[in-house]
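The structure appears right after this line, and notes come after that.
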Amino acid sequence: MTQAATNASDLMVEMHNVNKWFGDFHVLRDIYLEVKRGERIVVCGPSGSGKSTLIRCINHLEEHQKGDITVGGVALTQDVKRIEQIRRSVGMVFQHFNLFPHLSVLENCCIAPMWVQKKPRKEAEALAMEYLERVRIAEQATKYPGQLSGGQQQRVAIARSLCMHPDVMLFDEPTSALDPEMIKEVLDVMVELIHSLGNKAAVDKFVIMGLA
Amino acid sequence: MIHNKETIPEQPAPKGTIGPIAWLRSNLFNGPINSLFTLLGLYVLYLLVVPTVQWAFIDADWVGSSREDCSRVGACWVFINARFSQFIYGLYPSEEYWRANIVFAMFFTLIAWMAIPRLPFKRWVAIFALIAFPVVAFVLLYGGYFDLPRVSTNRWGGLMLTLLLASVGMIGALPIGIVLALGRRSSMPIVKSFCIIFIEFWRGVPLITILFMASVMLPLFLPSGMGVDRLVRALIGLTLFQSAYMAEVIRGGLQAIPKGQEEAAAALGMTYWKRMGLIIMPQALKMMIPGIVNTFISLFKDTTLVMIIGLFDLLGIVQAALSDSRWLGFSLEGYVFAAFMFWIFCFSMSRYSQYLERKLNTGHKQ
Amino acid sequence: MSVRPNARPVGQKPPFWRDRAKRALIFQLLVVAAVAAFLLFIVGNAQENLSERGIRTGFAFLERTAGFGIGQTLIEYSSDSSYGRTFVIGLLNTLLVGGLGVLAATIIGFIVGIARLSPNWLLARLANAYIETFRNIPLLLQIFFWYFAVLRSLPTARESMAFGEAIFLNVRGLYLPEPLFESGFGLIPATFVIAIIASIALVTWNKRRHEATGKRLPVFWISLVLIFGLPLLVLIVTGVPVTWEMPEMTGFNFRGGITVIPEFLALWLALTIYTASFIAEIVRSGIQAIPHGQTEAAQALSLPRKLVLRLVVIPQALRVIIPPLTSQYLNLIKNSSLATAIGYPDLVSVFAGTTLNQTGQAIEVIAMTMAVYLTISLVVSMFMNWFNARVALVER
């Protein structure tokens, strides 16, 4: 880092001196991470090395004991309002998809825009269909997650998090739970998303992306 | 930009996050509402536990032979002591207790053998338990053979009777339940309907009406003059009642076996009974065992109802003892004792059932 | 050249004892014959035995005078009433204790079940202790405990435990004031019904508005205020047209007001506490059945905690909880028949007990009693099947 003034508003995720313990086990040690707008990060490492924990600390699904995390200029503390504010600008795709089985694909994508961003249903549905088409699964909009394959479910999960227009996207081992044939379809979607931002990146086990 | 090429050494967790203080903070005093609940909980515990311990242990009287030995401040366990053998054996003549003791010993040995995981020959023990043991137990308890004096069933009671009712009910319900479960899965419409009607009937009515039916209506349905022992009537009612619930447990176990198993067996040329006996049932039985233990626990608790039709199981005999004029007013001690006995049995069985379920879940990946 | 399969030409039938369809038919005919023979046997014996004892079959006995009193009657009854009426009285008493039991057990069960999952260690352990204690003690024993050990040791009428001047508790029962409704009172329940309808309309309107514009009003609190506040307002405005008949101590006993007999109290307490322990277990396992990932996904979407519960966790949990829950309700109603043991005049105690003993018409009486319970079971089963079909998660 030779440039003196990295414009603060360019920093999407900042982690300074972050430490986390699970009981006695020191899993995250003095983590220092800065992600600028538009950057893509891949976190690789052996299993058990804390990759998932690191990513989950960013949207407070895990709590860190020492250090500071700032997302989009908002400091991550115990304050519930701050946490929800941060979560509104961070989207997450899980290893096990975690789609809501009692809601249709379309409803899965609409639920957060309607209840958090208070969008009317028509607007939310139009937005959802747009992203469902981006991930090439628009024809399944009225189906339920139980009727879809793993690869299809993961693509819906990606669309669901994109519907909130997050500034940061977190992917936690998005293809680990998929059969080999389906990994390609999900990776293709992810690569295309990255492409649409004009830059190429290597997509491996994890990616932290800052969207422009 | 890489800031650190070496692994940072491990550091101990900050003081406030581990250790007993941290545990207290996060589990008990995690915010104002939780702290309030904790304090309330402690207060409730104080209100409940202290007087109970005071009554049951500190002020209680344990030794003695009559009610004068009871100070009435604490619990009068003298009452329990004095009547203890009655609570266990009912009105069984005391010089014949040895016969009941043999049956008790065999019973618990058999159960322990089946329950402890690593003991061998389980199949033989099971066959013995289901077929030979009932006969041996009957001969020992009833007598009339081998110069053993006869003890009529009117005198059977207490814990002995409770265990007997539950076990016989279970053993009898098992074959009937299997037949019902298989019949319910059958493709023959009449057989299937009969089984469904039979099962839903016995499951839909309260046990007490079944016991009434058995004790009042059964004599009517038999040729006039033919009497049936009161205990046998209760056993018939309990067995039929239990068989319906067993049928559902067995059906659940059978449903858990993937259809492919039966298809593979059929493709190998096995007939219906061979398929069932060699392939399906052995697998299903393993899955059913927690369910069977659970229905046994229910049956064990349900045996208390026989006191309403005049049999003296553990609860019945305690209740009868409470109306003895020599021991009036100790109903609390009597009920606490009976509750404790039942609780020990039921709690242990339910723990065992949970242990089995955990074992099965890890072993049987779907 | 085609290879001829080595098969029998179609159309040649196997001998009938190997034909699957015929075998099934014959087997079923045998079953029917066996069942019929068995039924004929027992019916024949029954007729013989009954005529020996001089008992006539048929339901004519229902019109004869009962000649005995009943401790709790929800409708008019005297010892001149018919046996048929005892049936109705018993049935109403069963439904009363069953209904109130279901209500109380659900409330306590849900509270204990949720407490069992609390992050507060003490609360969770206390809830667990409750569940493990009351689940493993037979219900009859619990009924005896409340009736013989607890309620019997209440003070006599002269030294009743009093709550203000209105409620009295002693060994003979619980005495409550009875409301006497005056002429203007009909307005209150009418207002209540109107408030409920208005709330439903409000909720529907709110949902539509949410879909259209994204905005929501806090309808839950508004409905609550409506449903409880409006009737209260009307009550006050009409000058409270209710007087209370207080139980009064005359002689050795209380007169007036509503009397709740100790048999009812003991049965209701035992049923509630026992069934609540099972309901708590059902609620706990229902909530735990929802994978933690569901909560995390909802949180990652920035749904606040209340919405996570309402939109994601509870809908899924209810699907798992309701079938075994209705099963427990059915058990509670069946278990209420234990009333016989302490003399609470429920259906079994009054009809299959006293009436059967007096008339000797065992078969009719027991058949009628069982028919009631079977009907209740059937209705509950049908509801459960309908519910399961309706909310089933759609899968491949």
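Order of writing sets the labels: A, B and C. Residues in every chain begin at 1.
By our rule, contacts are C-beta pairs under 8 Å (C-beta built on N, C-alpha and C of every residue); 3 or more make two chains touch, one makes a residue touch a chain.
A quick note: this is a predicted structure, and the numbers were derived from the prediction, not measured.
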Greatest centre-to-centre gap (Cα means) from chain B is with chain A
Of the pairs A-B and A-C, which shows more C-beta pairs in contact? A-C
List the centre-to-centre spacing of chain B and chain C in whole Å, with centres computed as mean CA coordinates. 25
Quick one: chain A and chain B, Cα centre-to-centre, how many Å? 51
Dist(centroid_CA(chain A), centroid_CA(chain C)) in Å evaluates to 47
The answer for chain B against chain C in the complex is residues 26-28, 30, 34, 37-38, 41-42, 44-45, 187-191, 194, 200-201, 203-209, 212-213, 216-217, 219-224, 297, 301-302, 304-305, 307-308, 315, 319, 322, 331-332, 335, 338-339, 342-343, 346-347, 350
Sites on chain C touched by chain B in the complex: 24, 27-28, 31-32, 35, 42, 45-46, 48-50, 52, 118-123, 126, 132-133, 135-141, 144-145, 148-149, 152, 334-335, 337-338, 340-341, 348, 352, 356, 362-363, 366, 369-370, 373-374, 376-378, 381
The residues of chain C that touch chain A in their complex are 210-216, 291, 293-294, 296-304, 307, 311-312, 315-316, 319, 393-396
Per the touch rule, the chain B residues reaching chain A in their complex are 1, 3-4, 7-14, 17-18
Mind pulling up the chain A residues that touch chain C in the complex? 59, 61, 84, 87-88, 90-92, 94, 96, 98-102, 111-112, 114-123, 143-144, 146-147, 157, 160-161, 164
